[in-house]
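Chain lettering (A, B and C) follows the sequence in which the chains are written, and residue indices restart at 1 in each chain.
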Amino acid sequence: MLHVLPGQSEYISKTQAGGDMDDTGMAEKLVRVLQRPDGDTALRPVHTFGISATGFFEPSPIAGNFCVAEHFNTAKTGVIVRFSNGSGSATRRDGWSDVRGMAVRFHLTDNRDTDLIAMTLPEFFAPTPKTFLEFAEEAAPAPYEGQTPWQKILSLIQLKLPKRDPYPGETISPDDGAIRFADQNAYAQLGVLQAATIGAPTSYVRAAYHAVHTFIVTAPDKTQRWVRFTWQPIAGVLRTDPNLPPVDDYLDAELQDRLGKEPARFSLMMSIGEIGDDFEDPSRPWPPHRIRVMMGTLTLDAVSKNQLELCEKLSFNPGLLTDGIEASADPVLHIRKESYEISSEWRGATPCPFSQR
Amino acid sequence: MTKAFDPQEIQGNILRGYRRNLVRHLILEVTNAGVARRFLGLSVAGDSPDVPAITPDKTWPTKPEFCFNIGITFEGLRALRVPSRHLETFPTEFMQGMTKRAIKIGDFGESAPEHWPAPFDQPERVHIIASIHADAEGPLDRAQAQVERAFTTLGVRNGRNLPEGRVFFGYVDGISQPRFNHIDDPSQKDVDEPIDPLGTALLGYPTRQEGVTFRVPSPRDLGFNGSFNAFRILAQDAAGFETYLNDAATELMTHPDVNQLADPHRLERIGEGLDMHGALREVVAAQMCGRWRNGVPYELSPDAQYPEERVSLTNFDYSHRSRCPVGAHMRRGNPRGGPIVQRIANYTRRLVRRGMSYGPDFDPKNPDSQERGLLGNFIGANLGAQFEAVMCDWINLGLQDPRITSSNDPLLGANTPQTSWFDMSLPSGGTIRLRGFPRLITSRGGAYTFLPSIAAIKHLSELND
Amino acid sequence: MTNPNSWLNRYVNTLPERGWFNFLSRYVVVPYWIWKEPRPKLPGGPRPSPQPSESVQRMMNLIMPLKDPSPAGRARATMAIAQNVDEIFAGLDNVGTVHFARFLLIDDNICMISVYDGDFSNYIRDFITTIGSVFDDVVSLVEGGEALLPTEHNVEKFIDWVHDHDLFQAPDFPTDLFGLQDAAKGLAPNKPPHMLESLPRDLILQLHANRNISLGGGYRAYPGVSAAQVRRKFGQGW
């Protein structure tokens, strides 16, 4: 009775990706365009710097009412989490205003895994792979100088916010290009605005992370719900003071220090989409009035000892799902699956599960 | 303030339905105010051979060849040169027009005004909707030709009655209507529902809400005895409905409580020659509507479409123990005296409904998806208090009962397969939740019109530029 | 080209905190823009929305200037509410869609803050039927209220008036302001897209047109449920 996507539970087939004709080409182009001139092809093209931690996930008593997936129905599931800075630059700049990432891999039984990949920006910059490519091309890092004092005065007189000064050592930035693109494309405006003002968290575990895409969860009575996930830090959100000079390298040490003293926890909140909400457009967040279900608690208690194997070489993939969770028809979600595979291959990482065909 | 009421002072088809076979709605633009007003003057005087006469609410010894009536939009009143100071006294929702109220009344997605076909894609040009009712095409053509001499025709919509008074979903429709003390309506003689005050349909009279009266637009000649109409073109996905009934029945066949919905040993009460699957289809259709497809109210006869003892088609009410599902279309549209959250509001949002079907015949055995549906008129003294109030809080959202809140009417509501649900009722008091039905009725046009009284039409004809 | 550490640059960075700059901004720069690019006042209250969770637990923030804001006048307003307690509870229970409602006297205003379900005009209209006399008492204390009395015979006018005094709710996503301003002028939203950098100006100018606003549609701890649903779930009857 419900026109369910003919999806397989764990893998998204290419035929469902829809949207652009040249999907393989698109995924590759996206990985390439994201590579910064000051990046490193042996590393990820974005979210280059990161740190992994381990812990476990415990579902809430009602989580199983909404989703039959194993980790919502098992008392405890082991996880590995990679926190990261969004930038693809090969120079670590923790203190610069940047989106952060939190990729969670749940270790299910029988050596199976499922991933949930989230970031501190609640939406993407563009609704489709093609428009995302256009955005990435326009927002390719370019020399950044900020404004002269006189230009700033002119902005203030026009009741516009002056551009921020470049950080010490900052020579290129995507900001100008992103704003240019947002001026022409209304759908990118919210993402660009929020990314520009997102700042830096005082700790990886003091930020909220959003998985952005819509997923379809299946309940035991076969009811399907279109949902979006968010990790809410139980320690609360706290940013660094933007008026102080940024510190380049503190997040990894902070996490080591913190987890050495006590575990960090996140709540998994699941918002349920309703009629009129866009299930396929990742550039549009849902207003905060949706029913949000508290699906469980993530506890992180240790930083991974082998950061090379368990962080750098690890290949997460947003398409790595499991029975009970399916992808919606969001075209960017589908393209990300391929882009992550390609990126993983190019940097010589441990092959992600999809490459075992 | 309330003078003795004379039905001949208002247009026909408001308090009493015409019951003709055919209707033609002409969607008109006023291109020359003087010419338009002259037409209206002759029409209301009723004695010109070149201009169709406005039909008042009159008991006829013999049926006239055709009936002719008009509704005027806000832009139409402006085009006829009603002065601004009087235009301002009309209600806000009427001034804005139906397209600006779209989200409130559920016209989004496929029903959004952005998708409406001509002429409703240019709402500012829709000025007058002239409706001609007749039993043959000839009078419709003649009247149309006469109208077109004074107005620009932006579009035409033709409607007809289907056999047995049914609509394309297969239901007998139009059974329950408000009834008024002041007029004699033979079709309502067996009805024992509460009387509605004139203020339900006409401006200038007390309404069902104690003490409340709606503003009569000024000047009084123009506003008094007037009414408002939500004219709606509602496409009905008859094929989709039949498909959904199949899917629902198939799913229900395996439900442990299925025998409570239809007694497998007494299927002939639901229909002749039906198997269990076929009977379940009829039960789903009956519960979604509130009436079996033959018109028998589910509340009075929940186990049989063909009850042994004849039941009234209209004389019933709802209670906490009702078998009729709370979310049924009919119960949402008119909860009667039943328990609702807005306890003050029982009987206050009644609508006069006049409608005819449009489009080609539909054969459930050979379903097709050509456009067909209903040309509906939803009439009341105040659009905001009646039509809009019913659409936004009762038909959609289901605020009147916490058991259906956040769900939409299964037939008329703004549904998508991903979000829709409807709880069927079981005699035990339990429910079975159905999901996954699509939007079955889509709006394809419409307008808010003012239905002026006879005196008001005369007033309009006498305006100056 | 720019030396971020130049004294001029550092000085300019501090301008928004300088008194003389704020004075200039407030009395010269902003008024100039208000004259040059005025914005229409945006309507108050929540905007219609297809989603059920947007249609329940809606916020009303009604700010009504008192005719007599002196202590005696405000005492009169206080008594008007106090003497109508039975009426108010009857209204709340019989309209059935209000979660919370409270009256506040703030400065020269009497404010009615409530959380309600469904369409705002239905809620007001049903209230007029049940407690029209309370509305009459309150409205007679408010500036411009005489034109609305008695509320039972001025239902539409009263609804429009409440709509006008209900605070504009800033969109949950700041960039949606562009589309709202376009729609208020009768233009198609974001055609062409506004410059992103003009958002501060648009916001400042809008805050001139709508002096008091609600920042968003409000936080909800248990979103998506109506008052009657809560009562039913907790077995309190509805």
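Everything that follows uses one rule, which is that a contact is a pair of C-beta atoms (placed from the backbone, for glycine too) under 8 Å apart; a residue touches a chain by one contact, two chains touch by 3 or more.
No experiment lies behind these values; they were computed from the predicted model shown.
S.K.: Going by the touch criterion at the top, tell me which pair is linked by more C-beta contacts: B-C or A-B.
M.R.: Per the contact counts, B-C leads.
S.K.: If you average the C-alpha positions per chain, which one ends up nearest the average over all of them?
M.R.: Taking the mean of C-alpha atoms per chain, the most central one is C.
S.K.: Between chain B and chain C, what distance separates the C-alpha centroids? Give it in angstrom.
M.R.: Comparing mean C-alpha positions, chain C is 35 Å from chain B.
S.K.: Whole-Å distance, chain A centre to chain B centre, using C-alpha means?
M.R.: Their C-alpha centroids are separated by 49 Å.
S.K.: What are the residues of chain A that contact at least two other chains?
M.R.: 274-276 - these are the residues of chain A that touch more than one other chain.
S.K.: By the touch rule stated above, which residues of chain C touch at least two different other chains?
M.R.: 49-50, 52-53, 224-225
S.K.: Multi-chain contacts only, two chains or more: what residues does chain B have there?
M.R.: Residues 108-109, 406, 414 of chain B each touch two or more of the other chains.
S.K.: Note which residues of chain C are touching chain B in the complex, please.
M.R.: By the definition above, chain C touches chain B via 47-50, 52-53, 55-56, 93-97, 117-119, 121-122, 125-126, 128-130, 132, 152-157, 159-160, 224-229, 231-233, 238.
S.K.: Which part of chain A faces chain C closely enough to touch in the complex?
M.R.: Residue list for chain A touching chain C: 145-149, 152-153, 155-162, 165-166, 179, 182-186, 189-190, 192-193, 272, 274-277, 285, 287-292.
S.K.: Can you check the complex and tell me which residues of chain A touch chain B?
M.R.: Interface residues on the chain A side: 1-3, 223-224, 226, 273-276, 279.
S.K.: Give every residue of chain B touching chain A within the complex, in rising order.
M.R.: Its residues touching chain A are 108-109, 244, 247-248, 251, 406, 408, 414-419, 434-437.
S.K.: Can you name the residues of chain C that touch chain A in the complex?
M.R.: My answer: residues 1-2, 4, 6, 8-9, 11-13, 15-16, 21, 25, 29-30, 33, 49-54, 57, 172-176, 178-179, 190, 193-201, 204-205, 216-217, 219-220, 223-225.
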